[in-house]
Each structure stands twice: as structure tokens, then as C-alpha cells.
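What follows is a set of notes on a single structure, which appears directly below.
Each chain gets a letter, A, B, C and D, in the order it is written, and its residues are counted from 1.
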Amino acid sequence: MKRKIALGLTLAVLASGLAGCGNAAPQASGTGGAAKSEELYSMVVFTKGAEYFNWCYAGMKDAAASIGDHITVELQGPAEWDASLEARTVEQVTAKNPTGILVASADETTLNAAIGKALDAGIPVIGFDSDAAESGRLSYVGTDNYDFGATAAKSMAEMLGGEGEVAICMVPGAIAQEERAEGFKNWLEENAPDIKVVSELNDEGDVAKSETVCTALLQSNPNIKGIFSTHGYGAPGAAAAARTLNMLENVVIIGSDYSSAVIELLQSGDIEGTVVDDPYLIGYEAFMLAYAAAHPTEVPSANPPFGHVPPVIYGGSQLLTGEMLEDEAVLAKYQNPPAVN
Amino acid sequence: MKRGRKLTIGNREGTLLITILVIFVLMCLIKGRLFYARSNIEAIFSNLAYDLLLACGMTFVIILGGVDLSVGAVLALTGIICTLLIQQGVATIVAVLAGVLFGAAIGMLNGILVAKANVAPFVATLGTQSICRGICYVLTSGYFVAGLSEEYTAIGRGTFLGIPNRIFISILIMLILAVLSRSFRPLKNMFYVGGNTKAAFISGIPSGLTTVLGYGISGLMAGIAAVLMTSSLGMGHASYGISFEMKAISAAVIGGANMHGGSGSFLGTALGVILVALVNNVFIMFNGSPNWSSAISGVMLLLAVGFDVVRNRVKSDRGHR
Amino acid sequence: MSYLKIDHITKSFGNNKVLTDISIDFEKGEIHSLIGENGAGKSTLMKIIGGIYQADSGQILMEGKPVRMHDPIEAYGCGIGIVHQELSIAGNMTAAQNVFVNHEPVKWLGFIDWKKLYADAAAEFDKIGANIDPRAIAGTLSVGMQQMIEISKVLSKDVNVLILDEPTSALSDNEIENLFRILLELKKMGKLIIFISHKLNEITRISDKVSVLRDGTCTGTLDREHMEVQTIIRMMVGRNIDSLYPPKAKCRSNKKALSAEHISRTGKFSDLSFDICYGEIVGMFGLVGAGRTECAFSVFGADKIDEGQIYLEGKPVSFKNPAQAIKEGVCYLSEDRKAIGLFVDMTVKENTVAACLKSVCRHGQFLDENKAKEKTEGYIRELDIHPDHCLDYKVRNLSGGNQQKVLFAKWLAADPRILIVDEPTRGVDVGAKAMIHHILRKLADAGMAVWMISSELPEILGVSDKVIVMHEGRCKGILENEDLTEEDVMKTAFREEAEHE
Amino acid sequence: MNKRERIFSVKQINFHYLVLLLLILIVTVVMAVRSPYFLTGSNLQVLIDTFIMEAIMALGMTMVIISGGIDLTIAGILPFSSIVLALLLMNKVPFAAAVLLVLLAAAVIGTITNTLRRSLHLHPMVVTMAIAAVLKGVDLTITGGSAISGLPDSFVRLGSVRILGMPVSWIVYIILAIIFLYFSKNNRWFLQVFFVGGNEDAARLSGIKVEALYRNVYIISASLAAVAGILTAITYSSASYSYGTNADLRVITTVAIGGTSLTHGGSGSVAGTLLGTLFMAIIYNAFVMSGISTYYQDVVTGAFLILAVLLSEGIKVLKERKS
């Protein structure tokens, strides 16, 4: 008897849970008759939960809203950084038969097959942020990360007056970050040979770990005058390390991307600058490209049967400093992060 | 022989202490003031504060014969709850208490699952890990929780008697636990429960309660570490504490805790944490490849335990002659 | 030339010499018993013969040829098999799988021939007259049946030398009779049986020869004519033990310490009523599976009681857990000291104070090392625990008898009014046995109520003042121990059954 | 007793299986109602593809856990073997030889795991955790972090090969699953794993070579992780150190949901793991199909894991009470 009750209870709880989840879900195609005009666009990223992608998604959402409310968008992707998992997500999304897919690839090649399958199924795929160039994706919107690194290097050189020792804080293996580091090093080599990159640190993309490694770095090498972090979590960690060691004044910290935490540190002057591109714009444009590709016009297309889209759009990157944030208009742009789901 | 026992320093602790001292002296000789400067020592210790707290909690759990994989996620979730409350303008003390107690509550939930429902510790804490980490993202969508009051950030950034709060609090808690675990009955009970759960029950030791307490302390430590971390960094984030549980387990095992339960030493655990932190520091000072930095604690673990095994073998060989 | 010869075997563990220069001859077609106090080295010797340990020096000769065995598999290869004292049954497998573990009948590529497996197992069980379903999950069978599986397991390997280490300790009388019948049959088949037991009457009954071990040396081998209990005991302990059993109670009071009224636990025991008074030892006799331990568990709060009521000095009580029972002065010394008695990886001191932590704590919460030390040292002296400086030794490193004494120390330290002892002398040698019996009597004379559970009739008759006879979960009678004979007790135990049939 | 009965050991754990099956059914029905694409052929194919690597590794992990151990190295071995395979192929080593070398390397890692576990008297969790960390370091150093691509065409083509309409990974999995399902119930060696997990001392005394058995269990687990690595490389025509992140935890979750107990060795079954695998695959797919935030996915899998184990422990307790 007890068994039956236990079984019944378990099932009841689970069933209600599932039903509840289902209700909360944005439904693309569940409502029968109107399904024809409904369109679903999926954004697939490789670390869901990264603030950067939230901004991309916000841009996408706004773009979708500007087209009309028959368009639904969703954000998908594994929380951990695993290219094969992301490829599987793309495959799963493809099975939902969305109108278009936007992909930020975890690496350059792993997603090729998955993207190819989506294209074969007649779904336009637009790359953004991190490109899988050989996948056959119709278009790519993003930032030249090499250039991104160079921007950071240029700012660093200016702030240091052209000489000193610097270090890079990064997660080895992440393509965008490797490119930024590469751009950073090469620019310095060519344009500011007196600035030496003496150390590359692995902070595992974690603020606390970043603090630990930067502390050790600053201690072992008091000549370090600058730290460049290739991702959004490095600069807050580096700032914390410098604060612990009372070296905030002596070290130039330049981060990448922006977040409420980074903005706060910029305003307080704890970090000197952060290089930013415009994830909102990238998301916005990527969606527009996907929409264009999904709705072919008379304009002759390079990728029939999809509509015509340009193969690559690069956005610029620029340095954001605390000074710039004193302008209310600029600040407003970076505050109030968009809500996700 | 008997006198050696009275010193209450076991073999492993001795080995660790000597290793740490040797590394320290070598570094002083090589890097000079750069290394033994007060600021460097302070920095090393501030950074290992979180690990120290988590490893102490983990030591209790390991003594109980279990393992707690949830500490990293509990740290993140507690941090987010604290910072969200602070952001909402809740009084600092209330937010801190709420966060710390929340950590303890999750820990106790683990304990109940293990002790009362007979769920394997690995599974129970893996489940809560996954749930807590999920809730972190549900609550924040991956955004930083920033804009904290200075009153709050002062907890992690301030000093007490010239010692940074983080060092002071973590070492104080470690010492209290180390002393209490030897004499305070509810904590002493953990050794009995970990040594033989059934015999402990028959001997009138409340094994269920003790288990819940042990996991609760582990969660509590995660909560305290969360407050220190978010206040000193000035922000909370869902990605905090990833793989901290592995570091904590490594440190406890390096310090001589036995994963089969019944034995473990807080002094050893603390030395294990310090050793790993020191080696990390040395690694960076000598510009070690970043590719290997996350393997350090694992390698140290194998080396520490391996050294003990080899030494014991040599000793017993000598004994035979 | 003897069939199996142990030739000047010496073995030490670390600095601890366990066996010194032992030589024994074994012949085919004999039942050769091995007896000795705990720690005398019997088990070690057997493990050397069985290939589990290797001797430091000396050799084993089979039919004159030296053999070397490095593991149990090689021993089986030489035709030697051991039935171990600690049951080595995998409870999650079927009986048949346990019997044929590691030599299952296979068809090809290691695929098991299930039909043959179950048929063979059934045949093996038939051979020893055990009524076991080969498909039953071993863990659900009784201890006695598991022992039968153990024996079948060894016999199935077609051995010539069968070593049985304390095989009867968990068996019911029927099963023992059965076992002896099998042993005699095997003997007739020309097999050598080495039999280790603590029960002198069993040894004298079936052995052709008995070898006695003391402190790692062999003090002699007796053949059938010279096998007298007193001689054997003298050879074992180096002195005569006149009084294996203590005198009867001096001052039995009428004050009831513990009473049970119609207590039942579904599937375990039903409708038990008995009284235990201060100053007396109440023996509870029953065969394995009679529900004695279960009853003690329920009274002690380690298990529930479904019906009935327990009274402590006339007041109704129901303990929810052992902690409450201990607080009220009811203590339970378990039968399985390794599994639920001792903390083998903790020190003697820590073990001794385990059940009375509160009393050695300042303010009840903070352990007072000195108090704990004093208390433990007191018991080490009082119970004569060896070695006498074992305060900080891990219990694992003590011999079986001394471990049992530590278990006693643990419970005496808890200061009980009512002491339940479950098989207090299981796996304990004669010397320690007598000592434990005397301790029990001393405790009772000091006013304690002692409830002794045992399946050894001589012990029950020798020690207790009153005997509760249990059979299959029911109380078959409560007898005053005045000129009680073993026959009386057994008759009582099987009384109703006989009537039914 | 016929064979079917034995494979699914009807007498023993059936209630747990029943609940799992019911849950799978419920999720399927709910999803089928909510999304018209859920029951399409292409989605069902994707559903299996999504979890196939974990499914393969879960087979080996089941044996490890039944033997009383645990293996966290698989998250390191999967990317390691994909990388080594890619490098070998790019250096013109024939495909068959490369696969053999990768499997051999995995077997060596398995042996090292067991040797360290044994000689250092360490809990398998701690040893495998350390080895996984070292392997990640090796992977990073070999690749410098970037994905390896530009593999030989003949290899790339393998990714689109279909046998009986199924990709290579399915065929491999089906073969492995059948072998494990059948062997774990009938093969002497596999049954000894249950024996050792149930009572190690008994097994040793019965003459089972326990240490060799442990070694083999870890070698099998490592080799299956290598197989998963090779198949990942085939499926995606590239190799990267990012593959297999957290796969160890997903695999252990799968095995635990399937009713294999981490509390006491010796109890569990491959059949349960297959059900657990199906369940996890459906849950993962259901989240993507329904468009619910993946953040909830962690919460839900965590909750299911605890519920499933509570359930199987609860059944055990009820059973004991009954008997």
C-alpha cells in the first residue's frame, strides 16, 4: 500500500512540476491555427549565463520586437564551455525547425557539421561573436578580436607612457581570448617595444582565482605596471589583488567587456579602462541578418535559397574609461542590464 | 615513542610543515624581500582564506566518511543571496546572518539526505550542487550583483589589529574548530560516527544528528567564505566557487584525512591548504605555464600521499632488519 | 611419511612474532583438531596453509614434497580449502553463484551455463544435506544456511584438505549434527579435515587427533585415547582451570530491574514476557534465529517494539534509541564486536569512553583527557587487557580476546544497572572465557542485573541463575537453574513442536 | 527462468525501473502535447545523438560503481583521446592503428589510476580527480587551447557514414550496450565485479584476483571514455580540450538515476543505466524543445537525481521491512 502511495505522490509531484514548467515556457508553435505566421529564432551560445551574451540576446529580442510580435526568440546553450555540447544544442534546436539560428561558436571547427545540418534543413544560420568560418554560415557579425587586443595594447601603451612590464590574464584555450592576447602582444611588439609582456596567467575565468594569481604576480614582480585581462572576470579579480596589496595606484588594469561590476570599478577608478565592443548591436544585427536570410527578396542572393546577406560584418572596439562614464548618456547605455527570460 | 605522541603532531603534519618551511626558506633565499615581505605573506594568506574555511568544513565531512561536492555552489548561492539583500538595502548584519544561516541550512539538508534517507554523500551533494548552481543563474541570469554598501565591503576589505579581516576570521575559525574537534563532545562524536556508524549508534552517540551537524558546518563554512569573498570583491556572481570542492577535498586529503572516514586533522588540513597556496604562488613567481596551474593541487595530493607511503615502506624495511 | 606436514614454520607481523617454529603432521583420512587460546596463532597458521599468508621461514610439505602457495587459488590447486570463521558470502548474489564463485561452469568466452550452475549447486547442497534453494539471494538466508553455502563452496572445489575455522559457532544443533555427519563421511573418503573450534565437547567428540597451540608454539598433539578436557585445557593455558564457571549468585534480590510484558516485533519475536532482577544473571538460550538478539535490540531501543510494554523498576519505558537506554543504565554488549561493537581504527582509550563521553567531559561537553585516561587505565588493569600499555593502541592491533575485553570496558564505563550481554564469549578462548564469566558474576553480586544471551548450553547452565528458553521467536519456558540439565533445556525448547507433530 | 527475466531481473529492482519508465512516459506525453516537433524522427535522432557519448561512458561507469569505486578521469580522457587521435591521423598514421594506439593509451591511464589507488591507499574519487586535472593540463599543452581541425578527408567522411541508416556512434553504442547488458548478467568476469562490490574480502578469499579485477574495471571505463572521445572526433571532425567538460558528473548522475547504488557496491544493473540514460537524454532534449531556460535544467536534474536515489533507497527500506 505504502508503495502505491509513494509512487502516486512522486508521479503527481513530477507531473505538476513538468506541467508548470511547460506553462512558463514561451511557446513558438503550440497554438495551432496561427502557427503559420509564427516564427522562432534561436540564439545558441557556448557559455549560457555569461553577461556578454545576455546583451547580445537583448539586442536580438529588441530587433525581433521591432519586426512584430509574431516572432519569438530564445537563448540556448550549455552552461559549461564545451564545443561538442554546443554542437549538440545546435542539433537539438535544428530539430525544432526554427526560422533562423544565431550561433556563437565555442571553437572554429567543432560546430561545422551541426551548422551544416541546419543549413541543409533550410534554416539560415548566422554566426556572431565567435566565428566558425568554414561552417557555411551565411554571415558573421562580430568583433575582430585581434584588433580588440590591439586596442587594449594601444591604450595600455598610452597610459604607461610607452614603457614597463605587463601581464595578461586569460583562460587558455578560448579562441576569442587567444586572439585578443595575440593582438595585444603583437601590437606592443611592433609599436611599443619598451613594454614587455612578462607573464601570461590562467585565472580559469573566475574572479577569486584571478585575484589569487594576480596577487602572486604583483608580489613576485613589483615591476609589473599593467595587467590586461582578455575576459570580463579578470579585471575585478586583478583590482581586488591590487587593493589587497595597496597597489591600485601603481598598476594599470585594462579589462575586456563590461558588466555592472566593471562599470562600478571604472567609476571608482580601481581599473583604468575596459575594451568594449557592442554586444547589443551584434545581437541586433545578427537577428536582422537571420530575418533577411529567412525572407528572400528579389535581390539576388549569394546563398540561395536564403535571402541575401553580406558575408561578414565587423564591428569596432573601443576603450571605455571612468572619465567617459561621467557622461550620463554614456553611462545610461551600460547600466540596467537587460532581463533574460 | 610515547613522548612523540604527546606532541600530537602526526607524521603527515610533520612532513607538510617541513616541506612548507623548506619551500619558504628557499623562496626567501631566491626572491629575498620580495617574498618574505609582510605584504606578500598577507596576500598569500588573504587568498587562501576561502580555501581554508571550505577545507575545514570538508574535513568534518570526510571524517564522517562522506564528501561534500556542494560547497562551491553553496558559496556562490549564499554570496548572491547576501549581495542581493544588501542591494535591496537590508541591514548588513541581517544580510550576513541570512546568508550564513542559509549556507548552514543547505549543508544540513545534505546531512539529512545522507543520514536519514541513506543517500550516498556523493549523490546527495552532487544533487544539491546542481540545484544551487542552477538557482544562482535563475536569480541573476549571470549578471554580477554589484553596487554594495561600504559597510558590507568593509567586512572583507577591513583589518582587525592590523591583520586583514579575511585572514583573521578564517584562521580564528580554523583554530576554534581544531581545538574543539579534539575536546568538544558533539564534534568529537564525528570521529566515532565516521569510524563505525553502527557501533556509534549502539553506543548512544546520536549518529544522525552528528552527521547533520557535520554537513551543516561544511555549509556554514561555505556561507562564511561567501560573505568574505563577496564583500572583499565587492560583487556577487553565479560562477563563484566553481571546483572549490575539489580543492577543499585535496587539501583535506593532503592534510591526512582519510576518505573512508574516522580520521582527519585540522592542523593537517590547514597545512595542506597553505602548501597548495604556496606552491601556486611559487609557480606564478617562476612564470610556470598557465596550462598546468589547475593541476597543481591534484599533483600535490599524489606527491604528499605518495611520499608518506614510500617513507612508511622504507621505515618498515628498516624495522625488519 | 605424512600427507601434509607443517615444518618449522615461523611468522611475524612487524616486530610481533605470531608463530614460532611450529611443526605438525597431518594424515589423510583423519579429523585433526586445532585448539588454542585467542592469539595463540591458530588462524594465522591456517591462513599460511591456505596460502593467504606466507611463512617467514619453514615450509609446508605435501606427501614429502615442499609446496609454495602465494594465494588461495594456488592453495586450491594443491587441494587445500578453507571455510573461514568470518562468513565470506556476497549477500547480493544467489546461493549457487556464491558456491561456484570463480569456478562457475562456463560454456564459452566465460558465459555461465546457468542450468548446470543451479543443478550443480543443488547437488552440492544435497551432498551435505542442506535445504537451500540455489536461486535464493544469499543475503536473505539465515547465518546457518550461509555457513552451509561456505562449506559447499569449498567442497565444490574437490579439495583433499578441508580446513574449518570455527564452523559451528553460528549453527543450530541440527545443522551441527549434519555437519559432523558430513565430516565423518568425508573422512571415510580419505580426506584430511582440520577442525578449529572452541567447543571442547565438539572436539573430543569427533577428532582423531588434537593439536594444542599456545603463544605461537605447539604444545603437543594428543590422539583419541589421551583426549581429556582437563589435559587439553592445561596444555592451552599452561595451568589447570578448576572453575570454568563461577559460583552461583550470593544475593539475588527480588527487586525487578527489567520486565517485559507481552512484547512483540513482527517477524522477529512475539509475545515475550520475562523479569530480570537485580543481583542475578538471567540466561537467554536459543538457537540461531530464535529471536534473542532481536529481542535485546528492541528492549535496548535499537529497534521498535510493535506490541507490549517494557518496565524499568516497575515504571513503563520505551526507548526510542540506544542513547535513552544508556541514560537509564541499560547497556547492550553486542555479539558482533567488529561490525557494531568497536571502533577498530580508534584507540583503546577512545573506545573505552565511547559510551560514557558525557561523564568524562567537563560541563558535559568538553573532553577531559586526563579523566578519560584514568578511566581507561582502570579498566585495563581490572580486565587485564594486554598489552597493559595499550592506551593509545588502535583496537585493530589487539587480539580477539583483548578486543572483547575492550568492549566490556566500554560498557562497564557507561555504568550500567542492567547489562545485556549477547554471546559474550564468542570467539574467545577458554582462559578469557572463564574470566568473562567471573566478571559477569562479580557484577551481578555487586547488584547489577545481567541478561546473558548465549547459544552455548554449557555456558547458560554454568553461569545463569535463571534460564529463558527461546525458540523461533517465542518464549518456551523460564526455568530456575537448579540442577538443570542440558536435556531439560532442549526438551523445553522443542516442547510444543513435538506436541504439534 | 528464461533469459528475458534474467536480464531485467524482474524479482529485484523492478519497481525502480517501473517508476523510471513511467517518468519517461509522462515526460514524453507532456512534451508531445506541448511541442509538435518532439516526436518527429529528426528530433528523436537528435535526442539520441545528444547523449550518446555519456551513454557509452555510463556503461563503464556502471561497472566501476558496482565494484564500489568511482571514476572521474573520463572527463579528462575524452578530450585527450580525441586530441591524440587527431594528431596521429594528421601525422599520417593509419586510422585503425591510431584508434588502437588511443585505446592503448586509455588502458595505460586506467592502469595508472588503479595502481595509484592501490599503492597510495587512496579513495578512487581522489585519485581520479587528480588524474583528470593532470590530463586537462596535458590536453592544454598539446593543443595550446585551440581546436584541432584539418583532419584527413577519409576520416571526416566517417562522420557522415550511415550503416543501416545509423551513424557510427549509434552502431558502436548498440553493440556495446548489448555486450554489457548480456555480459553483466551471464559472463563470469562481469558477475565477479558484482561479487567484489558486494563483499571484497569474500571475493578475495574465494580466490578472485581482486586487484586485477579492479584494474580491469578502470581500464574498461577509461577505454570507453576513449571510445567516446574517438566518436566525438568522428562526429565533429575536430578535437578540442573543451570536449567532455563535466561529462563525469553527467555520467555519474545517469548511473545513479538508473538505480545503481553509490552507497553499497554490488547493487545495480546495466539495464537500469540504460533506462537512466534514456531518461537523461529525454530531459536534456525536453528542455531545449520546450524553450525553458537551461538554468532550470540544472535545478531539475539535481532534484531528479536526489528523488531517484531517495526512491530506490526507499524501496530497499520497504522491502527490508516486509521481509
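Just so it is clear, a contact is a pair of C-beta atoms (placed from the backbone, for glycine too) under 8 Å apart; a residue touches a chain by one contact, two chains touch by 3 or more.
These numbers come from a predicted model, not from an experiment.
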{"item": "Starting at subunit B, fewest touch steps before arriving at subunit C", "value": "1"}
{"item": "Given subunit A and subunit B, the chains that contact each of them", "value": "D"}
{"item": "Relative to subunit A, chain with the most remote C-alpha centre", "value": "C"}
{"item": "Higher-contact pair (C-beta pairs counted), C-D versus B-D", "value": "B-D"}
{"item": "Gap in Å, rounded to a whole number, between the CA centres of subunit D and subunit C", "value": "44"}
{"item": "Whole-Å separation of chain centres (CA-atom averages), subunit A against subunit D", "value": "31"}
{"item": "Separation of mean Cα positions, subunit C and subunit A [Å, integer]", "value": "69"}
{"item": "Numbers and ranges of subunit B residues touching at least 2 other chains", "value": "137, 141, 291, 294"}
{"item": "Junction residues of subunit D, two or more chains touched", "value": "140, 145, 293, 295-296, 298, 300, 314"}
{"item": "Shared-contact residues (touching 2 or more other chains) in subunit C", "value": "none"}
{"item": "Pairwise touch network: line, ring, star, complete, or other", "value": "other"}
{"item": "Touching pairs - complete list by chain label", "value": "A-B, A-D, B-C, B-D, C-D"}
{"item": "Residues of subunit D that touch subunit B when the two form their complex", "value": "70, 116, 119-123, 125-127, 129-134, 136-137, 140-141, 145, 249, 252-253, 256, 261-263, 293, 295-303, 305-306, 309-310, 313-314, 316-317"}
{"item": "Touch list for subunit B against partner subunit D, complex", "value": "67, 113, 117-120, 122-124, 126-135, 137-138, 141, 246, 249-250, 253, 259-260, 289, 291-292, 294-295, 297-299, 301-302, 305-306, 309"}
{"item": "Residue numbers on subunit A that touch subunit B, as the complex places them", "value": "48-51, 53-54, 79, 170, 172, 198-202, 204-208, 211-213, 215-217, 219-222, 233, 236-237, 240-241, 243-246, 259-261, 263-265, 337, 339-341"}
{"item": "Residue ranges of subunit C touching subunit D (in the complex, touch as defined)", "value": "52, 71-73, 76, 82, 84, 86-93, 97, 101-102, 104, 106, 109-112, 114, 135, 140, 153, 267"}
{"item": "Parts of subunit B lying in touch with subunit A, wherever the complex brings them together", "value": "31, 34-35, 37, 39-40, 42-44, 46-47, 50, 137, 141-147, 157, 164, 229, 232-235, 237-243, 277, 280-281, 283-285, 287, 290-291, 293-294"}
